[in-house]
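Naming follows writing order (A, B, C and D), and every chain is counted from residue 1.
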């Protein structure tokens, strides 16, 4: 269930000589809405780095590229929380153009770690609660 | 004279291990508002690449970095047209934080070229007219 | 079966404020060796864009991130051709540190397209032949 | 006087839809050889971030773009130490193609700062000494 939507316009620096979005940059676009999501649920990255209470590294990422995107194209990105584990969670991203046609998708698997040791830790309780609400579509 | 303002929030992928905006990415942020500017004056990059009537490569760029910017920082970027030559123009960018403090600046020098030969050509008349209006602050 | 190995040293601009490689940049590193591979088999990207006979867009990409990589880390990347279809092929990338420990992996699925229509076409015969040799480990 | 030379091959992700190197990425390429230079003089970034004794932020950067660079182009980059101040230094970068033709240049102005306060500090003595030797062309 989608919990957050945002728009993104493809920039020149996102594209390459083939005239389309360079595939790796779709992951950047997905991460942008993830950063916005974290901020909205009260766990923004700025606070993560300042407080150093827990980090959220990505251990797996994947994406589909259904339609070529070119400079100036505006797309809608929808984020949903797909799964919540003991020390991990999965986010999904759907990218559609302004005609509502799917142009791509992405999925990122995150774990929670101790910033000092970089070892996995359980999802902090307050953060887990927010993820669970988000999974149901509320933020 | 400022002709266009926009906001930008620093993303994780803009920063580096020193915890601040990687300097080259300030040029990307400047280019983003330039792309918006081109679109607003009716000469968007998508049309440039489709029509292949003229290109606008950057031949010189420079920037000052006055304050470290960190992930989540929102800044205002103001674009102005500083100079218009026969086959070139200069844009300036002022970056301020939300307290109105200058955090950086940039300047890009563009020439107009023939996409096929990549040789310099005079500024097309319609484009020059738009730049001249923009130089006075209207868009 | 590995067909090509290369080394890469993590640059500051690959990392982010968490002090590690930004995940999307692992895809860039994988793509770098893919570009080298194309060149070695006589189908370099420069020729693709000049000749415009066929393009090789990525339709799916995925990666695992096993160990945090930090600025200055040198890794070995090994490329193998995993699958060859009628109009597609799959490449795999293994990333190991200099102690031989796996630090990550990636996989990209490519299709061959007509540059003008961006529609799928069969793998050109000469290219398919090179991929088949590469799948067996020779280049 | 050149103190370090390196080669770089333009990658697909360095280019944009205009078919050439995206200007901001020339700064990344310049920074790559700067990182190599720091390592060679015994002050690698990895040690900077681990030891947190001093940082070297860039306060000004500029570049000229003389010739369009396209994917697969190999260039030579030459680094020299142009100026050494009390708490700052200036590096220059010359980019030439394999025919020895200048294709671009860059210049970065760095200051030394205290990582904790981000305030300017004098160049640490050992570092200054290495810069002075490098200015004369020896490393």
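By our rule, a residue touches a chain if its C-beta (ideal position, glycine included) is under 8 Å from a C-beta of that chain, and two chains touch if they have at least 3 such contacts.
Predicted model, so just to flag it, every value in this text is computed and none were measured.
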Remotest chain, chain C as reference, centres from CA atoms: B
More contacts between chains, C-D or B-D: B-D
CA centroid of chain B to CA centroid of chain D, Å: 23
Rounded Å distance, chain C centre to chain D centre (Cα mean): 28
Overlap residues in chain D, where contacts from two or more other chains coincide: 12-13, 17-20, 24-25, 28, 31, 45, 49, 70-71
In the complex with chain B, residue positions of chain A that touch it: 11-13, 19, 28, 31-32, 35, 39, 44-46, 49, 70-73
Footprint of chain C on chain B - complex, ascending: 12-13, 15-20, 22, 24, 70-71
Of chain B, residues touching chain D in the complex: 17-18, 20, 23-25, 27-28, 31, 45, 49, 55, 57-66, 68, 108, 118
